[in-house]
Every structure is written in C-alpha cells, then in structure tokens.
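In the two complexes that follow, chain A is the common piece, with chain B as its partner first and chain C second.
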Partner chain A sequence: MNERIVHIGVLTWSALVETVRRKDLYVVWMLSIFSLGAGAVLASTGVRGIETFLRDVTLTIINFLSTAVCIWLAARQMPEELSRRTLFPLLARPVRRFDVLLGKFLAVWLLSSGALLVLAGTGWLALLLFKAAIGPIFWQYLLLRALSFGPIAAMTMALSLVLSGPATVVLSGLLTLFGSMFARTLAQTIRGSDALAQAPLKLLYFVLPHLDLFDLSQKAAYNYPPVDAWVVGVLSLYALAYVTVFLGLGEIRFRRMAV
Partner chain B sequence: MQNILPNTEKTVRSSRSRLADHARLAICLLGLCALGWSAEPLQSAVRPAAASAVEAELDGAGWEARRLLGQMLWLKTHAVLHAGVEEREALPGEELSRSGEVHRHENSGQAAGGAGAQSNAGEHAGHGHEGHDDHAGHDQGTASQDEHADHGHQGAYVLVIPPAKEDFRGPIGDLERNVKPYLSRDGTLYSKDSDQTLAFYRLITWLDPHHVQAFVVGASFMSRGGKYADDGLRFLHEGERFNPDSFEIQTELGHFYLVYKRDYPAAAEHLVRALQLIPRHRARLPVEEDLRADAYRWLALTYQEWKQPEKAVAVARSGMMALGYDGTLAHVIERKGYPKE
Partner chain C sequence: MAAIETRDLRITYRQGWRGETRLAVNGLNLRVEPGETVGFIGPNGAGKSSTIKALMGFLEPAGGEVRVLGEPAGSPAARRRLGFLPEVTLYYPWLTPIETLWMYGRLAGLDNGTVRSQSLELLEKVGLKGRERDRLKGFSKGMLQRVGIAQSLLGDPKLLILDEVSSGLDPLGRKELRDLMLEQKQKGVTIFFSSHELTEVAQLCDRVVLVNRGQVRDERRVDELLKELRRYWVRFTCVGEPPLPAERKDGAWEAEFPRLEEWRCALDLLKAPRATLLDAGEREGTLEDYFVNRVTQN
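Presenting the complex of A and B:
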C-alpha cells in the first residue's frame, strides 16, 4: 500500500513539474494581471455604488477562467503521454494503470486549485481596493470551487481516453458550463410530465453531476452569510463520489487500450 | 554554368507566374468592386434606409453592441433589486401552494406624504415601473390601495427554486436551496439594497442613451421619494435631450414637476406633450399602457391643483374615454375638478 502511495506521489509530482515546465500556467498570471488592470481602469472612471456588480463580474471571471484552466490541463494529460509515447516506459514499470490516472488527476486538481487561488487572490485584492470586499462566504466559495475541480478533472480525463483532445475540451466545456441549464430544463420537464415519463427523466437527472451546486458565486456577490457546515460536508462527499465514478470509468477504458 | 541556366529559366518562370498571380488577384479585386458597385441598388431592398434621424443614429454594429450591453445591465439591475434571488411568474394554483413566498410587483401604496401638491394619498395614481416597482421607499406613487386594482401590476411572482415540499429532488434540492440565493432561514426574502442600482441606470443610459425605461425608472430611484428630486429631474432632462419623442419621459417629467416641484405650468406642458406623443398606430406595451394612464391622471391632477377645474374635468373625461373606468379620474370628475379640502 505504501509503495502505491509512493508511486502515486511520484506520478503526481512529475505531472506537476511537467506542466510547470511547459509554462501553461503563465496564462493564468497574465489573465490575472489583465483583470486587475481592467478593474483599475473601471475604478478610475469614478463609477461608485456598483459593489454588487463588481463582485458578480469578478467571481464570474474567476469561475470561467479557473474552470477553463482545469479542463485544459485535464484534457491534455493522457493524450500527450500517448502521442509522445512516454506512457510506454511508464507502464513498463510495476505501476498500476489506475495509479497513473490517479497521479495525473491529483496533479491537475492541485494545479487547478493553485490557479484558482491566484485568480481569486487577484480578484479579492482588486475588490478590496474598490471597497467591494466579500465577506466570510468567500472562503467557502473558494473551497467549493476547488472541490468542483475534482469531478470536472476526472470527467475530462475519462473523456480524453475516448475522444480526441479538442473534442474532449469542447465536450467537457459544454457539460460544465451548460450542465446547470440542462439540469434545470430537465427538472422543469419532469415536473410537467406524466408518471411514466418521469422515471427515466428522473434517473437521468440524478445521474448527471450537478456542478452548479459547487458555485457559491451568486451568494458571495450579494454578501450572503456563510452556508451551513453540513452543506460543505455533503458536497465534499458528492464530489468524491463523482471523482470515483469518473476515474473508475477512465480506468476501464485505459485498461482496454492497446498500450 | 549548366547549373546556372536551369536556375535562370526557373527564375524567369517563377517571376512570370508571380506576375500572373498578381494579375489574377487584381482581376478578382476588380470583380469584387464591380459586384459591390452593381449591388448598391439592392441595398435599399435588403437594408432599408432608416426612417428617422434617431434610427439612423442607432444604426451600426457598435450601437448594437452597446444596446446589448445595456440590456444585459438592465436584467442585472433586476437581479440586484432581488438580492440575486431568481423568480418567475406564478402558475395557476401556486399562489395558494406557495403562499409563503408569493409576492407581487406592484406599488407598495406608500403615500409620499408631503410630496408636493398631492399629499392626499387617495388621489395619486400609482406609478408602477415594470421590473422595478416593488420598492416601497423609492416609488413616488401615492396611490391608495383601492386604486391598485386599476393599474398596478397584479401578476404574482414566485421563486424559481421550488420549496422542499414541492421538490422531487430531495437532498439535491436542499443543497440548491442552500447554495443559491433563496429565502432566509425564517422564510423571508433577503432585504434589497436598491441604492446599488443607481450606478446601473447611469451605466445603461451611458451605453444606450435611447433606453427610455432606464431614464424613467432611474430618475424615480435617484429622487428617493423626492428627497433628491433635482437629481431625478436632471436625469430625466438628459433623457429628454436624447429622446425628444418619448411620451414616457414627458410623463415622468410632468409627474416630477407636479409632485416634487409644484410647478404646475411646467408639469402641464410636459404632460400635454406626453399625451400628444402617445403611440396610436401600433399596439402599446403594458408598461406604455401604464404610463399612458399616468399621463391622463397626472394632467387631470395638475389642473386640479392649478385651480383650473374645467380643464381638470375635461382631461379626466377624455382619460376615462381612452382608458375606461379609472378611480383617480373618477374622483376628479366627482369633485368637479376642485382639489380636496
């Protein structure tokens, strides 16, 4: 067991180093600086009384960029290893395929959370400067956002073993960004449909990951009080469940691949 | 030498082919110009010329983008007014099943005591604003509750997220009610900070100076029940400059001059102009219908306060003809155009 943990740790570290070496995250720093600059321009125009609006826009940008970074990083992990054929020497060692997936997943999760912290730190600083600081709910927002990267990264990595790189990015992006809209439409359809049609629709509704549940940005923008601790606890379990499912599916596909 | 010759031939050939390419490119460009030139007469059919100077001014992709941004901010303003809680119109039966959360977008009926000549709460017409009419402290409407039935927005609204008892989603629904803006623990809606919307109206009208509703509603919020009436008036006059043919802005100007300034000649001037500008050759939107009714009411009340009872009664009668029965106008006729003692 200890050996497996060491394997996973080494794989995570190597994936982290590889991503940092490729300077992918430089985009995040650049975007952060750009956002800060844009905010400073807005502040210099003297527009006052739009604290809620500023918070809303800032959190929306953080949500979008951090999710994009997560999907981008997750989508390239396995296909790149395959195309560069660096996976063969890796699998020649006594390493389980699931551990390779898990190591990569942990690296993506850590990097995405790091990118989120950078973006959120910039946003928080900017809001502080504009006297639009967010209350304690901000920390819960960050935590839930980081938790959401679990299912997103696992889902994207599983898809990347089935689809091409660009198709993975597009499909994961659509599922992540429009998933909540689809789920809401589905819920409304269920409420209006007869009992026979309800069963399969409900099944579909409950099977789909509801990633919008990890988004506290609306509450944070309006400075609502923090949510109860049980909500964070349940959402942690919810995220863990989907990570397990998606990584499991990914492993099934990975094991069947002729690598 | 033998090596050089073929190269020279190649160079000559390539320069010839380059010339031919350039010639082809030039012919293509000329052809495109000719096509564009000949297609000019089609433009009038495909894209008719603007009917007025205002429309011509609004033409173009830049304006479209500004209008779109303005509209997005307008929707955002609505969300800000409701502390981010999403709502929708209630379906039949939901007024009973969701009685705890159902609410209406109508005037609060708060009489703006001392707000100009019409301090008697029973007389002033309500002044609902589509989407922004639920702010007790910021609407200048002084309508009595009995008059709401005539012209208030009577639609009931409920929250988009269903209550636990109606939600098939079980724990997922519970989570959503906790992570999205929703009712507070005691089942009430969170309080709203309408001052946060003031900058929105400024931004919307800066982006799209022809967003009439933003001028009308923004002025209403800016004046804060008449406390800062001059700010509201300044905003409305700015709107009038960009939208000289807007009857909505003229109606609101008349309202401001009557209620907050007691300047009856100015109020009458704007309200008469408003009645002249009401669109008659197309179906009016509900918000336009409300303001049309307001224009008649404010004008009748202006003449009443200005001690011109005959004119007050005449306006009230023509208003009743145009609108049907109206409580405020009926009161004016009942008192023969004289103000309440």
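Presenting the complex of A and C:
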C-alpha cells in the first residue's frame, strides 16, 4: 500500500511540475490580472447599483475558465504519455495502470483547483474594489466548484483513452455543458415525453453527472446564506462516486489497451 | 529458470472498423538463459517490437505463455528486476535529468538516498555530468537516449530489454552505449536487445535469434556463426579453362570457399604451370550476409 502511495505521489508530482513549468496556466494569471484591472476601472467610474450583475458576471467567468482549464489539462495527460512514448518506461516499472491514471487525475484536480483559487481570488478582489463583495457562501461556492472538477477530470481522462485529443475536449466540453445546464430541462422533458422515449432519456439523466448541483454561483451572486453542511457532505460523496466510476471505466479501457 | 521464456506466443492486432485481426507473432518460442546477451534481429514488421511489448506486459498476447525472470510477463515481480529502454522516447521535456531519474527510481521502489546517489553516478556514466539540472526540452535525440540509458540501469536490473536503442545515437554515443552494455554483461546481467545494427549485435551478443513473419527462423551462437560465415578466396589467371570453379572478375579469375581444406586444395591446384596465383586470403563473415541470406530464404 505504501509503495502504491509513493507511485501515485510521484506521478502526481511529475504532472504538476510539468504543467507549472510549461506555463500552461499563464493564461489564468493573465485573465485574472485583466479582470482585476477591469474591476478597478469600473470602480473608478463610480457606477453603483449593478453589484448583483457584476457578481453574476464574475462568477460565470470563473466557472467557465476554471472548467475549461480542467478539461484542457485532463484531455492531454494520457494522449501525451502515448505520443511522447513516456508511457513505456513508466509501465516498465512495477506501477499499476490504475495508479498512473489516478496520479494524473490528482494532478489535474489540484491544478484545476489552483487555477480556480487564482481566478476566484482576483475576482473577489475586483468585486471588493467595486464594493460588491460576496458573503460566506463564496467559500462554499469555491469548495463545490473544486469538487465538480473531480467528475469532469475523471470523465475527460476516461474519454481521452478512447478518443483523440481534440475529440475528447469537444465531447467532454459538451457533456459538461449538458450536465451543468440541461439536467433540469432533461427531467422536465422526461415527464412530458411518451413511455418509449422515457427509457433512454432516464438512462441519460441518471448516467450523466448533475454538475448543476455543484454550482452555487446564482446563490452567491444574490448573496444567499450558506447552504447546510450536510448538502456539501452529500455532494462530496456524489462527486467521489462519479470519480470512482469514470476512473474505473478508464482503467478498464487502459488495462486492455495495447500501448 | 530462464531469464526469458516464451512458448507458442501469439500476438494479434485488430484493424479497421470491422475489427479484423492481423497476426503479428505466430507461435514464437524463445529461451534466454541468465547472463546471456542475445540479439533479436529480423526485418521490419517481423514481430520484434510486438514480442518485446509482450515481454514487458504492454500488451496481452492472444495465446501462449510468456515468463520473465520466472514470473509472468508484466507482473510487478518481473518488472521490479528488469530495466527497459524503448526506441526513441522524448521523456518529460520540462523535467531535468536528475528529476527524471528520481521519478523512475522512486517508481522502481528505490529509496530517496539510493536513487539520488545512483542517478548522479549513472548520469556521469552516460556523459551527462554538468547537465543534471538542465531541462530535457533543450536536449537532442541522442542526449535523451542517454537519459533513457541511465533510467534503464537504475536499481541494478537483472535483465535489460532494449528495443532499437542505438537508432538516435551518434557513433560516439553508440560506442559509449556498447561499453556500458559490455560492463553490464561482465556484471552478469542478462541482455536482450533488438537491433538493425548488426555490427553492434556481432560485437555484443553471445547469440542471435532471427525472427521473421512472427516466428523464430534461426538461433545461432555468434562466434560459431561468424566462423561459419568466414570465406577463403583465391585470385588467379590461367591459360584456357580454370582448374577450379571460378568467376571472371577484372581480367582475372576468383573463387571462394567456405572451408579451409577446400581452399588448401585450390591452392594446390593453382600450382599447375598453366595457372598463376595472384592473391589469396580469408574474409571475415558478417551478420549482414547471414541476415540477407536467411531473410530472403524465408
């Protein structure tokens, strides 16, 4: 068990160092500085009364960018290992294929959460400049957003073992969008459709992760009070379940794959 | 216990939308004894890389049995005691050689202290002293291969499996690689490597295994093979028909013999007054002659 933890840790470390040194996340820093600048400019004009709108826009931008970073990072991990042929010396060591997948997944999750923190930090500062700061629900918003990166990264990594890099980004992006925005619409559609159409729609409804559950941006924009702790607890378990399922599927594919 | 053993190994690949299977290795039987250095040679598409992938557990064979160091191929127990160097690996461009070796060393189960001391020693051996902390993205193909050589030797493996390793190296790099392999051979490490560099194979190996169309076609000891490939020749002129079967070349006759006795007989025949011996000697055989001959035969 100790050896496996070392393996996972080493693989996570290498993926983290690679991504940080490659300056992949520079785009996040640059966008953060830009949003901070935009907030400062807007604050200097003295416009007031659009605080909720600004909070909404800021959180939507944070949501979009941090999710894009997560998908982008997850989609490239395994295909790069294959194209650079680094997977061969890696698998020549007594490392389990699942541990390779898990190590990479953890790196992606940590990096995406780091990017989220940077974006959220500058977004929060920008809102503070405009005197539109968000209350304690902001921390819950961040925590749940970071939790949502688990199923997204695991799903993307599983897809990247089947599809090409660009196809993975597109499909994972669409599924994330669907899971974030249309899950409730899907539930309504099921209620209104005939019995024949209900079965596949229900399957889709239960198979896809309901990423909308992790999104507190609307509540945060309107400065709602924090949600109950048990909700966060249940959502953590929900995210963990999807991570396990997606990484499990990825592992089945990876184990059968001739590299 | 053999270092490598395959019995009736079969490897297939699925192709296209209909999943048609293509047979890459068809009933390959191989045995490599501990301490042996074996060259695995054959034309492109013969099944060498597929066999090596099966030995490493990178793919699941369609049939047969593969054992490495007495363990099932690909099992952690087998991988713990072997070093593998693939053809051309780009490694992690944003890591340094010392970090790369630390990573592979830790994955091999070495502790921090051991991996650090072994890494420095190995990097010096492969000629990368002074470049330990440079990022790999600035390294040439040959330099990356040196990093690869160092990573394959981490943890003092009992078996080294090398797949077309000298392809990215310059002549100096090849010589250094050969010296390193000879050092490992002297330490009693079993070396199994596929290569198209037959001169290298002849210099390093105790035995060659020729594979073609997914099957072992021939297995020979290198010293015996080279002796067998040695040729004795005579060049002479004569009045009228030559006294022995010969070919006309550049205004003279030339004949070649596989055995020393035949050559001596030929020299006796050329003592006749109507023949004049111009030159005679022996030519070392090459693996290339053997390779071309056997592959075209198959």
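The definition used in the following text is that the second predicted complex is superposed on the first by the 248 of 259 C-alpha atoms of A that agree within 3 Å, B and C clash if a C-alpha of one lies under 4 Å from a C-alpha of the other, contacts with A are read in each partner's own complex, and residues count from 1 in each chain.
Operating definition for what follows: a contact is a pair of C-beta atoms (placed from the backbone, for glycine too) under 8 Å apart; a residue touches a chain by one contact, two chains touch by 3 or more.
Bear in mind that the values here come from a model prediction, so they are computed numbers and not experimental data.
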item	value
Joint occupancy of chain A by chain B and chain C, clash or fit	fit
Which of chain B and chain C A:F34 touches, first, second, both or neither	neither
First, second, both or neither for A:Y26, with chain B first and chain C second	neither
Partner chain in contact with A:P94 - chain B first, chain C second, else both or neither	second
Vertex chain A; arms to chain B and chain C (CA centroids, nearest 10 degrees)	140
First, second, both or neither for A:R85, with chain B first and chain C second	second
Touching partner for A:R191 - first (chain B), second (chain C), both, neither	first
Touched partner set for A:V227, first chain B, second chain C, both or neither	first
First (chain B), second (chain C), both or neither touched by A:D56	first
Partner chain(s) touched by A:Y205 [first = chain B, second = chain C, both, neither]	first
First, second, both or neither for A:V17, with chain B first and chain C second	second
Superposed arrangement (fit on chain A Cα atoms) - minimum chain B/chain C Cα distance in Å	33
Shared contact residues on chain A - chain B and chain C	none
Residue ranges of chain C in contact with chain A within the complex	13, 53, 56-60, 76-77, 79-80, 82-95, 99, 103-104, 106-109, 135, 148, 151-152
Contacting residues of chain A [partner chain C, same complex]	3, 6-7, 10-11, 13-14, 17-18, 21-22, 84-86, 88-96, 256, 258-259
Complex interface listing, chain A residues touching chain B	47-53, 56, 144, 187, 190-191, 202, 205-206, 210, 212-216, 218-219, 221-222, 224, 227-228, 231, 234-235, 238
Touching residues on chain B, where the partner in the complex is chain A	76, 80, 83-84, 162, 168-169, 171-172, 175-176, 178-181, 190, 193, 195-196, 198-200, 202-203
